[in-house]
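I have a structure I would like to understand better, so I am pasting it below and will then ask my questions one at a time.
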């Protein structure tokens, strides 16, 4: 899932400075799951902004909406009938959703209400961690299902580096050494023979380094 | 001879090699390098020049190598994959070779978080293992990784680094073997204080027959003070300094701790010399190059042999 | 009246302020004694979040507070209510009410929310 | 006498599925409800006019300080409206014939003179009735004779200095009827205003300008002519009495405004009219100087006084006879009542009874005011005696008790000294619905007393009055009264004079400690005499203090903590029923069948089965219900009628709002502070409100019936009550909605009692404003309300019992008798529990043979499956449909399904390592000693010296903080038995308080007589110094009774160590049931749900609940089975509609609810959406608040409900 964190309220208020009636748009997708952009957050942020603005003597009108997904054109279109009535749209969907809105709704400024994070998982309620960088060339079958690109701070293919101590990465004591995890898993799976099979240099062209990517599947169009 | 470097020759002749390291300055002043070179000269078979060690910005390694080479010392260029992608790495390898650098140490590099630009974007396009492999391919097959032919192959004595004390311990020897297979000719270890564990490591390496195929140069760093010992133990990931080592230096009065540190370094070298499979000593006297002579000499490794 | 403080959420707490409350007092069971095991713990987290929001938007964090009481502590409830009302009286009308040109909303009334 | 459980109920073929319950107190009500809810028809016979018993008279209850009326009134109503409980109030059982399983009873119902079916309980009759005294009725004329006009021989003038106030007399218009006028001139002579123009032989004419409306002419006109006609008199058409009342009311209002009017005669003439025209006595006459009274013919009914609008007349002014006030029995005679009287405000049925001794109409044929005013014609003066024959299978005898007549202890001056009251009287003084509306004032002069003394054991533990037993409740109720008195008036300084502080029940010691912290003073002393200061009314108490010094101390009021006793009429009734009583009148029962009387098929419960408090009474009531119905199980549901609710009106979404608002007076609870009329008027202005009123007691049965009618009549689709606590009363109001065909969730309640009148008594205006606001919020919430469905599901009729001690075994046997399958799980290898370590029960019978017979019964019963050496390791499901996993000794587990769970995990003897226990053979626990005693033949114990130490590890913060309840009786029993076996032994019992409650006191007395020596100690003042060594035991203590140090060197030291519950930590967390600090399970309600656990479908019995003896445990086990039966006898159950529901449309399947639910209820279903099983949902709303998609809703507590409340909070 795509994760994110709320933007500091001051930053949002600054963005909203020129406007006095806006749409606050949530998304029922990933940001609902990671509890940063769903219906409830729309309500909380809307209340917060109204309070802040009214206290500062400049009331703001906020239309609270939640789209099914801001990354699909049909859902985005649902906003079309009324979007012209507002000066701006504050979206608390992920960066993809916000951009998609901005692309489709060209006449109204689009503002981000959250900082988009990463492709991650829920460790427990309220804690998410990164798992995938979308490099476009998956090697998990060789690494015990643990991604060296994402889980190693240096994206090494032959870790761990000398900075791995007691399973902890040198970068942060809260980060587990990805390669320690890989090796532990390979040992457990009796697949240590996979260690070292990653000699070919990784092709980053399938990752973001190849420029903005697109996926076209002819059979699905 | 793969590279024809002095280090390679010394080792090939069966001598116990001595290497040291020289950190380039945080500035453009070449005299600092030259001054350090003066302490090194005549005491080592080759001298490492670090590459933005601990991600702190310094003069480039290649420039440092050129400066010490001018002073008559054989340079050993360190190259990290943190800051350069494979294009830059190839280009720099060619450049270094062209300038007469014959010894290479392939490293991942410390994470930028520890340096002065933690917000920097890292590269890690390929890892150190792949750098070894790429260099070997360029040297021995004369081709770029892309397959194109080189117009003059870079002749490097290829080295790598290992930390026998990092976790998981079980992977350390297999990983060295991988590096050897990837093309490493020699390896320089992290500084060794825990002799017991290092011996254990060497036994495993011997079992794999590694010392026959790759020259193992044991790392030694003299401790300047008990404070430094404690700092390194606490702050440097993968640094294993046993309590008794810290205690030994800490038991000395402050003013005598430096001397004690040197005494202990000499003892360590003596002990390392006796370990089967150790082919050389790599003395990392960090910002303490002036003591190299005392240490290396004290260990009975001077003068350095001359091999033709 | 709620089945449990665990039912209240941040949006509703903020709604009270939008509605002109000068202070909001949340009263739940003693921690460890929640009839629904953990409702009051969750409520505490939500109150904490609203506290932070109120601080950021300069309404004043001390306008919200959670108290924990057992059903048998009527006099303590009264003491807490008075304490909180005093606190709100001292803070004065919320900036919202000031902006609305009032301050008419007597803080005394908060104890029933 | 029966000896084992088998005999407690006799098997009869084709038993009658009905039970007669005698006594409508809390015991009878609980029995009735448990029976009726388990499909048994109940006939509840109560001798007083309404059910409720003693509990209805109490103010608060210990140890929780719950308001007694508040917690009992829902029960009253539930009984009153239960389809399967037929109430016979004001009735007696005449006789009983037949045998167990098939009895016939004859119930005689005293005439009420008010038709129960017609009466609405409006109370108007009581309001208009002018009579306040028991009259000296004039002799009725003999048959055929004409009634003689009474002529006064002795006259007295009550002088009035008030002038006539013609402008404000609301006078009637008197005119002379020309046709009937006899031209006699009587009127002319009677008129004091010169308003009548009359000449001989001419018709009198009244000058209306001069007439003041005093009615003197009306009185004077001879009966045979009746030529004065009255017009412009409201209610005159009903009766003169009604008209007098109406005019009096108007005048009261008028003169209440005019301060000068009070106390001076205003010459309205109502007293004279009342006496002549209503009472037909004619003892009063208007004269120039005032009112002339014929003091010898006055019947002293009090009507003239009560109709006087300005309180001018006093009863003593108009008669020379001693008035006989008609006292209010419910208020313990502390105030007066009318002959027509509703027993108490919340009475069920709320129908008055007319008193035959004092009603004027019944005795002289006059008056009749009440009948004339009754709008529904419910009053009929013809006596209607009704006898009803009923067929029943069993009888429960729970007629209750009365308090000791304190006059028998003349030294305390009760009856002579007005400021000496009984505890029950004080209870009424504390009660908000009592004679002083809860103000503590002393009866002598209405002064607010500061120093109040309680004297304990008045009529208890008193051989001289033949009250050898301990009444068990007085220590606690005195503590409570002292506590509450200080709550009412913090300047009160209470002192309790006591012998032993018998706070032996669950959480009782803690309550006493709190009372002490709250400045209740306890003095251990017996008060020998009280003297009254005749001038001040203060009382001087004489007593001997702890140091042996004589003390005198002045108090302003004394409360006698009177004991409880069996009333004479109850003893007679027991005779009719042919059941055996002991010398005090308590029923004789066996320790193994604690509810069975000597006559099979008749069971006993409550204080008539030995003194006890409310929760124990409730336990016995349930237990008796169980015992009474066990033999009737096959006839269950044969005689009952099922409640049919009218179909619910389905409101269309666009229906206009029609909200009805009921603002409750709660007697004076609310109305004395909050202006309920103003709140009602305000409510009418709220959007959607089409109806509002303010009943006296919204919860009373008549009000509920009225509410039902109003809902129908006004087509209400929302109802709001502003009253008391929803916790106690919401279910009642909701069921009324259902009966009116309205979904019960179209309702909201504002608590304007607790949150307004109670907390802001000194700010009535603000309290009224707050009430308006709360009402407004409730209306807004009800507006946002919606109809919710209640889920129905099947009930598995099997019971899982955890623990195979005496509680679990008893419960298993009884549940099987009720027809349910039982899984009995015992941790140990054999059944029996703690009884295996004990020797004899309170009756002196051995446990061994009892256990064997119960075991045999269990083994032979196919319905009971026993798992020994087994444990319940997992549990899931919900009430009616549980599933548990039992780990068996083989290592295998078995999953069983069942509808209810009974925890009977028990307790064991505490074994602290103190005083060498476990180290020396000479130190043993009371249980060890009991065993040693049983096998002591071979020991040389003839001259043994034994010291028993009580509270060795109990009532001690370092060990068990609580009192273990059984140790005192245990020690006394063992001491007595030792003395019996070896008369030469010496036994010293060192104790803090001898807590030989109830009939245990008899043994205590017996032990003292037998020479057992009791030495009291206080851990602070004279703790015993105990040295136990190999060489011997030495104890030094100061004996307070002789005030001398004593050295004891016993052969044996026996420690009464108390009781600890078994380790139930895992079980408690698995079942999610709470335990207290001591590790005992906490009941759902300390008073009224003593065997229910807070979670539905879970019950407990025995020492897992708290320390208790074997017969109390057996009773509790039976009680638990009764509660289980109410559940398992249902085929289907209904669940609350307040549950969380996921709307799948917006569900992000994020698992937030799954993770947040403390009960693990939500799950992701195969439709890939979160789902919440409504049967498992506890309705806390945590998931609703957490859901990031806002797609979970919870009925009644939706966002829109809460928003409506928030928004209406400030809306003007």
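Things to note:
Read from first to last, the chains carry the letters A, B, C and D; within each, the first residue is number 1.
Throughout what follows, a contact is a pair of C-beta atoms (placed from the backbone, for glycine too) under 8 Å apart; a residue touches a chain by one contact, two chains touch by 3 or more.
Everything quoted here is computed from the prediction, not taken from an experiment.
Comparing each chain's Cα centroid with the centroid of every protein Cα atom identifies chain C as the most central.
Two chain pairs, A-B and A-D, are weighed by contacting C-beta pairs, with A-B ahead. Chain A and chain B have centres, each the mean of its CA atoms, that are 41 Å apart.
Centre-to-centre separation of chain A and chain D, using mean CA positions: 63 Å.
Per-chain CA centroids place chain A at a distance of 34 Å from chain C. Touching of two or more other chains is recorded for residues 1156 of chain D. Looking at chain C, one finds that residues 9, 11, 15 touch two or more other chains.
Among the residues of chain B, none is found touching two or more other chains. Taken together, the chains touch in the following pairs: A-B, A-C, A-D, C-D. Contact residues on chain A toward chain B in their complex (touch as defined above): 153-167, 170-172, 177, 180, 183-184, 187, 192, 195-196, 199, 201-202, 204.
Per the touch definition, chain B reaches chain A in the complex via residues 82, 86, 108-111, 113-114, 122, 124-130, 133-134, 145, 161-163, 166-168, 170-171, 174-175, 178, 181-182, 190, 237-238. Across the interface of their complex, chain A is touched by residues 1146, 1148-1152, 1155-1156, 1187-1191 of chain D.
Residues 9-11, 14-15, 17-18, 53, 56-59, 94-96, 98-100 of chain C are the ones that touch chain A when the two sit in their complex.
Against chain D, the residues of chain C that register as touching in their complex are 1-4, 6-9, 11-12, 15-16, 19-21, 34-39, 42, 46, 72, 78, 105, 109, 112-113.
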